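These notes open a run of structures that come right after.
Here chain A shows up in two complexes: once beside chain B, once beside chain C.
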Partner chain A sequence: MKNIRVLIGILGMDQHEVAAVGIAKMLRDHGMEVIYAGCFNTPETLFQSAIEEDVDVIGISSHSWEYLYYLPELMELLAAEEEPVPVVVGGSVVTAKDAQELTAIGVAAVYGSGASDGEIIDSIKELADR
Partner chain B sequence: MPSTVRTKSGIPLKNIYTPEDDPDRDYQRDLGNPGSYPFTRGTRDNPGGGWIQRELSGEGDPLRSNAQFKYLLEMGQTGIDVIGDSPTMSLMDPDHPLAKYVVGTQGVSVCCHNDYRDLLRDIPLDEISISSSAPGMFTVASLYLLAKEGGISPAALRGSVLQWPFYSENCGYAYKMPFDLHLRMSCDVIEFCSREMPRFHGYLEDTYFFSEAGLNAVEEAALGFIEIRHIVRTLLNRGLAIDSFAPRIAILVNCTMDFYEEIAKIRAMRRIFSRMMKEEFGAQDPRSMAVNIACHTSGLSLTSEQPANNIVRGAVQTVALGLAGIQALEISTFDEGFRTPSEEAHRVGLRTQQIVDLETNITKVQDPFGGSWFMESLTDEVEGKILALVEEIESRGDPAELVTSGYFRQFFEGTMSRHHQQMSAGEITKVGLNVHKIPEEEDTLLRDVSEVKIEPYRQRADDIAAFKLSRDQAGVNESLLRVHNTVQSPGKNIMEGVINAVQIGATMGEVIGVMRQASGEPYDPYGHLRSPIEDLL
Partner chain C sequence: MQKLVDKVVSGDLRSASRLIRMIDDGHPQSHEALKQLFPHCGGARVIGITGPPGAGKSTLSSSLIDIIRQRNKSVGVLAVDPSSPITGGAILGDRIRMSRHALDEDVFIRSLASRGHFGGITPATRGAIRVMDAMGKDYVIVETVGVGQDEVDIARLADTTLIVWVPGLGDNVQAMKAGIMEVGDVFVVNKAEHPDTANTVNYLKSVFRQTGSSGPIQRDWIPPVLETVALNSRGIDELFKVIDEHAQYTSRASEYYLARKRADCEVELRGFISREINHRISRQLADGEKINAQVGQIITGETDIYVVTDSLLQELE
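== the complex of A and B ==
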């Protein structure tokens, strides 16, 4: 069975990396391959990396409201693909209402700051298996 | 049975301390009165107690932030503390394509001298201390010009700008420029301020922002001293006298919930700084040895869950800082898990400071922990660990090379991962997050305020683009070319050229862009913009 490949990135000018780096390491420790895209991404750069790296899941970490504007753009780019890569979003700034809006545009899962490692791993595994 | 409880830095805490824990204390050598070498007990004799009370502010455009400052001053704030939005903090103008969704949402958008005029409109610059997290070189340039425009001597200006050449690129405030250039900018600002604005702290060492990458108190202080020492050496190599600039070095520290250790850290940092300046660098002016310490309480210590609990965290941290003795404070507000501080949260932060200052007598006794067997032994241990870590890291090579080789980036990735692991394993207890949780639908208190968002100021991009078209472009280009050429002349201070450029209307993004170009880097590291002086080079 091939390893699950996850692209982790932060959008726009947001440079809060603690969670992104922490989650990337945690996923690697659980046998996943993580392509860490770091900061200063746009929907285009993440989309390109996701295709080039043939990832199973895209994970967006966010501590800035920019994700609200960029995610619809990213989802649109992905939707044009035959098999759109699922997108998950994490961050303390994501409110319950934001989470609903994200789900409505097709984001597969939203993790709040209280999400456990187990929940995140299970959810990514399930998405990668689809 | 010995306790297994440890501070965040790993120092074991005993259940009880006795004289045996602090046997060899020499009061004059190790402590001294507040205001006396080695300044362990306080930078100055401050019988009135208290500190500059302020809240980190800035949102939207300069005029909206100006109104915010006036509101906070009306609420009793005693200094101004301003931060730029993320494009500003990255030296990017608001009309840059990458800035579009984030102009003014996480700080104020400032990019030119006119912006600073609006930002500080009606603020008496000779009375109010201005602490700016917005890019130091441009804040200093505009403050200098504003003072002159207002008929005030720049020598009367008080406040500070942050310098972070070592860690910004790897930890939250990337300038996308070569390390040598960033270091030179910092040193040029410090040198300029010590000459022209002698009351102003041209060098506020910011250990806050990088310590939020999950560092413990020892790591925070150690990395801070590595940077301080390198900057001081660089300035001495330029031929400056230590006493010409050291009195205006200050440190902005973090304060987490590790109550005792944070107090010990501040006491240890004062002692380390004073001995470093006196013994290593030969300072003779006592002011060079007494470091002002300001604090920003830890945003990472807050939770999005049950945001009202964050008010308590801010209060506990303020008590710790009142006991440690500090010169200035801003509390991370209760809603910062979600958003840039609301007006309500700012007021609560300010009121927290005022309550501790005015209602408790906490600040009326200086360094009340002085002589405590426990606190003195903890201060010694923290100090010992800080010095050991400084030595360990410096033994790996020239600190500047450690920056460029990526050592510190790896260091931060390690601490970020460790923070995640500690949270996941429950080693860091967070009430409301990993213990004592409540169902989401019951978690409503202060949520209404916390969840309001600030819309991006899209209009700013158009306004600045229009402003750029309205300028004397030939004059701007000439000033930019001059900055470019100064950067290519080693040993020349860049400040004068920058002041000239911003005075004539050049923007932050343009000035920095040509400075990057002069160092052989692209004008726009994000690849969208063309340099206005491309054809002149």
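== the complex of A and C ==
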């Protein structure tokens, strides 16, 4: 049986962990295996972890502006892969304009403050299924 | 599949990572791949690390990685965390404690969820060790789920099993209980800055004095008891020296060691065979029609479950 594996991490100096932990628990409660990478990651460390763990989706939790700074590099690293792992970003700080930019660089989904549990679960399941 | 196996043997991380996933998911071809990897295995030394939750297993693993890397050797780490028995989901958080090795190409860390398996490791662990071995890793560290007293599977897979203990955790009665106390090759009292450390170390040492000569064959390796503070690498050099000594001991293949190995291997083989039989039988029964008909008759009282079991098994034979 295939279990969905998701890497959850926070980039840069952002150390607001509550949402990341909350999302990790929610995904666990929906039967997924979450590799929790915590805070202080760089695009390189998350990329390397995603390869070593053979994850289906990478989820970035953000409560600062840093996603704008780091995500292009992560997306570039992944794009060079034969089968790039999809990336999703969650955070109430992500503005509509930022979300557009993220989508433009290849982020598969952006979850704002209004995103429901069901919406996030369905979206990750769909991405993992590809 | 051959291509994947070849790439694993050449040390390719992505292929190894994918194959471990296939083993973990019970992919039908993974069994064959593991058979093909066999000629390329045997070079890795497997260190098992077990002990209660919060004892510092991941931090100790991280310190051991430091020493292995200082010696210019490569290492794979398999870190097992529990799956939820209800949803099957899991949070695997051991990587965080080893984050300083994240970008080291000669360190391959993989988290495994226990997936409903008891015993501290998972059915996929043996296969995952084989993959890392075939990649050419010099060491494979296997960190179990935080265990209680009876989860001893790791000792059958590891060349050297470390039991990580912490000061103040139970008295000598705890230490005399069967289970993990019997399978440890080396005992590590971690968090040794705690004032109760000397008591705990003395308790453990006295236990091995008492039980050292029990059993039919004279035990010729008395588990050493060491103190560490894994967080700042105190005592890790000494620990690694003892792991080396244990490697020399096992290579001498004494009567006691071989007897234990034989017993371990037999348990493993029997386990593998009964799992395989189970798989095959449930695949045959899965067609379901016969089962459905029988279930109907059992419910209406036309026949009973003992009779049906016997007749179905006879057919399969």
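Some notes on this structure:
In this section, the second predicted complex is superposed on the first by the 129 of 130 C-alpha atoms of A that agree within 3 Å, B and C clash if a C-alpha of one lies under 4 Å from a C-alpha of the other, contacts with A are read in each partner's own complex, and residues count from 1 in each chain.
The rule is short, and it goes like this: a contact is a pair of C-beta atoms (placed from the backbone, for glycine too) under 8 Å apart; a residue touches a chain by one contact, two chains touch by 3 or more.
Keep in mind the model is a prediction, meaning the values are calculated, not measured.
Under the clash rule set out above, the superposition-derived model of chain A with chain B and chain C shows the two partners fitting side by side.
When the shared chain is aligned, chain B comes close enough to touch A:S113, but chain C does not. Judged by the touch definition given at the top, the superposed model places A:G31 against chain C, while chain B stays out of reach. Of the two partner chains, chain B is the only one touched by A:E17; chain C is not.
Touch criterion met: A:K2 reaches chain C, while chain B stays clear of it. In the superposed model, A:T45 makes contact with chain C only, not with chain B. Residue contacts after overlaying the shared chain place A:S64 against chain B, while chain C stays out of touching range. Overlay on chain A (Cα): least separation between chain B and chain C is 6 Å. Overlaid on A, the two complexes show chain B and chain C touching the same residues of chain A, namely 25, 40. Chain contact summary for the complex, chain A toward chain B: residues 12-19, 21-23, 25-26, 39-40, 42, 64-66, 68-70, 92-93, 95-97, 112-114, 116-117. Those residues of chain A that touch chain C in the complex are listed here as 1-3, 5, 24-25, 27-38, 40, 44-45, 48-49, 51-54, 82. Of all residues in chain B, those touching chain A in their complex are 86-87, 90, 92, 98-102, 105-106, 171-174, 212-214, 300, 303-305, 337-339, 412-413, 416-417, 419-421, 423-424, 433-434, 437, 440, 451, 453-454, 456, 526.
Listing the residues of chain C that touch chain A in their complex gives 13-14, 17-18, 20-21, 24-26, 83-84, 87-93, 95-96, 99, 102-103, 108-111, 113, 115.
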